[in-house]
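Next come the structures, one after another.
Both complexes shown next keep subunit A, but they swap its partner, so subunit B is in the first and subunit C is in the second.
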Partner chain A sequence: MPTRSSDILVIGGGVNGLACAARLAAKGRKVMLLEAADTVGGGAGAREFAPGYRAPALAHLTQGLDPRMAAGMDLVRHGLEFHPGLATTVLSGGDPLVVRGGTAEGPDSSAFAALHAKLSAFARVLAPFRQMTAPRLGAGNRWGGFLRHGLGVRALGRDDFRELLRMILINVHDVAEDELTDDRLKGLLAFDATLGAWLGPRSPNSLILYLDRLARGVDPLLPKGGMGALAVALGRAAEAAGVSLRTGARVAQVLVEGDRACGVALEGGEEVRAGLVVSAMNPRVTFQALVGAQALDAGFFKRTHHIRSRGGAAKLHLALKGAPGFAADLRSRLVIAASHDAVEAAFNPVKYGEVPEAPVMEVILPSAHEPGHAPEGGHVISAIVQFAPHAPKAGAEAAREAMLEASLRVLEAQAPGLRGLVVGAEMLMPYDIEDLFGMVGGNWHHGELAVEQMLFNRPMAEMAQYATPVPGLWLAGAGSHPGGGINGAAGWNAAGAILEARA
Partner chain B sequence: MNDLTHFRSPLMRTPFHARTSAANLLNRWGPWGGYMTALCFGDMDMEYTAIRNAASVYDLCPMVKYRITGPDAAGYLNRLTLRDVARLAVGAVQYTAWVDDAGKLLDDGTLFRHGPDDYLICCQERHLPWLLDSALGFDVAVAEVTEDIAALSLQGPCSASALGAAGFDVSALKPFRMMTLPFQGGEITISRTGFTGDLGYELWMTPEQALPLWDHLFAAGAPFGIRPIGSDALDLARIEAGFIIAGTDFVPAHHALREDRPRSPLEMGLGWMIDWEKGPFTGRRALLAEKANKGRTGCCWAWTFRAMSALRGRSSITASGSKRGSSPPPPGRPR
Partner chain C sequence: MSFDAVIVGAGHNGLVTACYLARSGMKVCVVEKNDWIGGAAVSRELYPGFTYSNRSYVRSLFRPEIMRDLELARHGLQILPYEGGAVFQQDGGYLGMFRDHDANRREFARHSRRDAEAYDLYARDILRFCRFIRPMLMRTPPDPSSFRPRNLSELLWLGKQMGALSEGLRARMVQFWTMSIADFLDEYFESPVIKGYLAVSAIIGTALGPMSPGSAYVLLHHYMGDVDGNVGAWGFARGGMGAITKALTASLRASGGEVRVGQGVERILVRSGRAVGVALANGDEVHGARVISNMDVKRTFLRHVEEAELPEEFVKRVKAFKIRGSSGKLNIALDSAPVFPALPDGAPNIKGDLHFTDSVERMERGYDDWKAGQFSRDPFQDVMIPTMIDPTMTPPGKHFMSCFVQYAPPKIAGREWTDADRDAFRDTCLDQIAAYSPGFRDRVLHVEVRTPRELEAEVGLTEGNIFQGELTFDQLLFNRPVPGYAQYRSPIKGLWMCGSSTHPGGGVMGAPGRNAAAEVLREAGRKGGMSDAYAVL
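Moving on, here comes the complex of A and B:
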């Protein structure tokens, strides 16, 4: 006998699902959240990949949580604390270079400060757009907010506004060439812009991703206790807001009756009914696997297949029996990218389904910040390695091995003797990430974050305002505006849209 | 067509061409769906009269045909078309239409159910990309079979008698039903369908059976005044019957260049065929919204008819002789 257990069902207990559910519950809606895994957190979870070694399952830093979510869910009260913002150490062939915010060592110190100040000013006026429902062509806009934010951009003044228009769609490689001379800084800029994207530094529009990153926050943050602790705090806060969390509940189907989403069927056959269904899942998964073609118009269903979702980031976990010999503070964020060209060179092979010889990567050692991640004396390396093919020509196994070998080679060059310390290794390729986290193509934004899939085109024009063509079905995941990155804005915005629609 | 000489004969010939060309005294041909098709064999008035008073034969081969097979075929067609396919029995035929997401007509046509999971769509326009897009998520096979099936339309009050004289007993065949009958060691399918509003049948066969069947039918039908007819005469009859043609009476949404050109089934007087209760189908939400808004329903039917006739050179209405581009007179019977 199907039961109507809540007003609103939220599918997917990642950051955005939790944010959405908590905001709805805090407004008095009866909300149940269904998560397939045994714990909530999604991409922000933790993972024991070798006996005694725990690594962040996928994301290992946040560039900043949505401040509305952090305050609205009172995450501090629920145990969330961050380590001080991480400095970045760029490792390349030459001397390491330490960067913190806009402050960099080396010959480009003032040039980088000026560039950082300029881009930060752009990011600051663009950031408010992240916190609103994307505008649409046609009726139904809240023009007030849009105009206010637009005036904010214009208030940059004529020269800066002109400069923003010149730069907003430019590629980051050109910016690096124009503004900097130090290859290490150029490499860092190029790396940070393309982290998690299916773009090389020379790809059109790559700078806008750097602006988006700055709009989320200046310095990367590591939660105390690891990313798992963030997941725990989000889960607790959601429960405190009144969300009923149900883990181990994998949704097999969104039920549509009388042209309205009315609940879900779980794997195993149980039906859970609700007045509204909110999917914080990947939009392609939502429509192709959960809703299905029958309930959707043919043209719309076809277009869901065109949501581009190629993932180029692999995740490397290494269990080390001792401290690696990086020429850097192990508590900093290590970026191994010799130059902007090195980033581009690492992107080239994946376009053809091949593994790069010298991948670029972002490395953190959670074990350097606090105990509990590795046995006494041991260390954990968590690295995002780019770029990895999502459909390798050589086959899944061979590509994973080649990627691990190439990554170890790159790491060994920066920390001689590192190989001898490795007691366990795990390489999650984009296809592994797809299997583990339901991210189509292994793209961790649940749809490529690129200028043509932003704002009113995210994930598709018909549902850029979180409502879908199926009445009663809403989207709330990273696949919607403004994207992912352990931030929560998409889920928080979606809840706002649902409340506003009194749906 | 791998020898790259297709441009030498831009219009294909139907399997009946040997007979239709021999009978075409005026040598009046027009293009239809990539085929040469007779507009008039000799006397349009006599051809029209055969439809209404005797037996007429129209070469139906250029009609576009798609075969839909597979376990999800019924579900697929229910989502594709406006009517309830679940109500279509094996051996039955449905006049139906399909629209895009915006609820604008793509085409109308007839849907034949040959078996539990075996359907044939006959229509005016080519739709393979749309049919394939619509097949995403369904376990069906969609095949274009236009060239694999030859067809004749036998229409007129004497058509059943002519068939009977040819050895095809169709006396038990009800409208919108079909049956399979033996013919010279093989089989042909006869459906009680047509495009004239008169008693009539459509005969479906392989291209190899085409000429023997033509000869057989004309020999047996001679006492009933059987006669080949061209598109001009058929157009008169179908306008009298109120039947519409995609591309003539409405612009299929995929062909429209102006955004106000596509027409919804509600605007085209086809609202009766929409089964709102059968479950989701492509365009349902848009059509519901149109119905709720009343839209432009009602006023466009006549307007479209006239505007189309003025704009389109091959409009049927101008067949009665008026200058194209002027306001056309209503279709008239032969004097």
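Moving on, here comes the complex of A and C:
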């Protein structure tokens, strides 16, 4: 018996799904959000990976929430608070180096400040593009916003404008070589640019990912109470806006009748009908699994397979019975990368489906900031470990073990005795992340954040403005412009596009 | 005596510029440090009776407009198109390559029926991209930061070119320009050897691997050539690559131009902010109203111009110009024709490019070695035996073999190449060939080995980079060689650039030389008998 209880169905209760649903509901639409898991949050949820130890399930920091979403959903009122922006400590063979707010210690202090100022200026003029629907490369465009932002770029002045055009597609390795001498800073720059990407620092087009990061914020943020608290606040805010949240509802199919999306079928057979369906799921999953070939143009369906979605990041959770001996403030973000070459070397084997010997990583200890993550005296390590193969030649099990071993080796070198403290360990490889979160290839952005998949090509030219070739079906996830990270811009933009279309 | 133009370096681009200027009536002198003319496009006798094309080795990119304008055929240039080639596989099989689309398609079908079908789509797409980008080769890049009418109208022209495409094709082309060739090929093909073969053009001469974003564009750069209007076709110059520069020299002399060899330029003379000539190594000075450098941008400005004459920011950019060499070369005199048992008897493929890299992964691993400062342990080689088509280069029955090798770094693990490194490099390459050609080593009479060290020492290619600068977006179009100086002019009045460091970059193409001449002539208010860039297709 089909039910029709809403105008709009949003599939997927991650940050973008919640942002989209909340914005639509706030504008008076009747919105229902369907989430397969028991709680909303998606990549921003929490996970008890060992008895008494809780870690952020996937994302463990945000580079900054979309300000429109944070204000529009009034997240502060719904309980969201952040710790002060995290400083970064770079750990390598030599002395630790602390970087905070774009300033670094050490011999490169002034060079880094100059580079940071230049790149921040670029990021500032590019940031507005994140908050607009991507332009089309054809007719039917509304060029106003795009041209206005374009003039903003030109307003950098002639010299900086030229410099931006030179650097926009450059590789981050060369920038590090040209501007810096300290290997620790070169390593940090290379690491931050390639975090969550499927490319090494020598790959052209890598600096733009660093600019995109700066456009979101300088120092990363940790919500009080952990990432899970962010998910809770988002869920509450969405409900307060009038969204009806339905968890434990896994969508099996998007129903298409007369060439128009008209609802979904849940696992178990229940049908839920609505005038509009918005998928905050991965675009490949949306079309290949939920819509299916029979409802789509053959050429379009084939091209959805070309959305590249290789994940190169693994997630490591360690339960420790004591404090690890890092030569750093345990409340900082620890980046373990000896140099930009070390980052590249960690990427090399992944191209061939192999595990690197010395992965690079970003480590945080939620337990160092507040109680509640680990039993008294214990600590939790949450680390994003790069790079990890998404389709290992050696097989899933062997690769996971090798990755864990390599990661522990790297950690032990920075915190001698750490192995002896480990009482529980979990290594989520990209394929595990795919299984847990529906991220194709384990890619956190639901499609690689790469220049050829940005703006009017994200996720594909045919649906870069959130509308899809199936009338009544829209996209709102990280697979759409401007991509992922715990940010919400894609979902917020999508809601804007839907409202504008009066669909 | 004073010239209208002094051109530094008798490479193909310097000669092209000189020819156009001479034809406009300017008095032109080309000065060259070596005893021979031709830069990297030369034929030399390095073993008795054998002619070596010992640097560049095939001709495809050289612009047909230039050949016509400068009457190179009348001055002795003859291009011999050649047929395909072969990729030898590790399992003993091979993939034949043909210039004819349908022949290629049939051969692909032997490896994968799906890929044979995909090849039609692939070829169509690549042709469209080529068609779009080719007209840009022969135009001075606009300066997007300038509001001068000429720059604006050029930008508008570019927009119009884009406007002529369908929306889908525009989006696709932007992807193609920025993505890696490995990813691009994955969208069409499944057979590793077919992908390995098609990826080749994306890495030749480039410090990128096939999995590096931006490598697909490099493929286009190599595909833009045409032999007699046959797009993407390649040919040998009869008598070796030197035949091109020989014909250019003959054309130059016929127009009254002059070439002086054997004395390199020591310094470019600048008086009150204006280039007025050059001082040679022997102390002689050659004066001219303008100086046009065919040398790469680093050599020109960091070695031959006083730093005080240049803006600080310009010097900084030139210093940071990326010009890392990535290739080496073996030139081999053979006592008899090598045999490759994998090929059927009488197969024509031996007359073309022979490769031993049968997958993209092997190619990429070769690049990983380069990144670590080593030459590839399992290198990619493009082996050609021009004497299979042009017997004039060797005594009867003997052969000349040219092996282009990718990758070879400018320095070995941060230090200079030694002779021992060079020998190890040579043996790695010869062993690879011998693994597919029994008895190969016994046929070898003489081997000349060129690592980036030799390329820099002899031809003056900084770091041995054959394109006078890497072909990544930060160094292409209006960024090449330096933002704000992409229009062949330098910060010094009267000092121009015409080498491959300028748009559109390297390869024996001649376009930088012609574009530079066009700019010089435009500024001087002269006509140079330059036909419009031609757009067949």
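Definition applied: the second predicted complex is superposed on the first by the 503 of 503 C-alpha atoms of A that agree within 3 Å, B and C clash if a C-alpha of one lies under 4 Å from a C-alpha of the other, contacts with A are read in each partner's own complex, and residues count from 1 in each chain.
As a working rule, a contact is a pair of C-beta atoms (placed from the backbone, for glycine too) under 8 Å apart; a residue touches a chain by one contact, two chains touch by 3 or more.
None of the values given here were measured: they were computed from a predicted structure.
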After the superposition on A, what does A:147 contact: first (subunit B), second (subunit C), both or neither?
neither
For A:296, is the partner it touches subunit B (first), subunit C (second), both, or none of the two (neither)?
first
Which partner reaches more residues of subunit A (counting touched residues only), subunit B or subunit C
C
Subunit B versus subunit C as contact partner of A:288, first or second or both or neither:
first
Should A:396 be classified as contacting the first partner (subunit B), the second (subunit C), both, or neither?
neither
Looking at A:256, would you say it contacts subunit B, subunit C, both, or neither? Reply first, second, both or neither.
first
In the superposed arrangement, does A:199 touch subunit B (first), subunit C (second), both or neither?
second
Could you say whether A:114 touches subunit B, subunit C, both of them, or neither, answering first, second, both or neither?
neither
Just subunit B (first), just subunit C (second), both, or neither: which does A:155 touch?
neither
Interface with subunit B, subunit A side, in the complex: residues 256, 259, 288, 292-302, 305, 469
The residues of subunit B that touch subunit A in their complex are 75, 79-80, 100-101, 130, 133-134, 136-138, 279-280, 282-286
Of subunit C, residues touching subunit A in the complex
144-145, 166-168, 170-172, 174-176, 178-179, 183, 187, 208, 211-214, 313, 320, 322, 361, 364-365, 368, 371, 472-474, 478-479, 483-484
Mind pulling up the subunit A residues that touch subunit C in the complex?
136-139, 154, 158-159, 161-163, 165-171, 174, 178, 199, 202-205, 306, 308, 344, 348, 351-352, 450-453, 456-457, 461-462
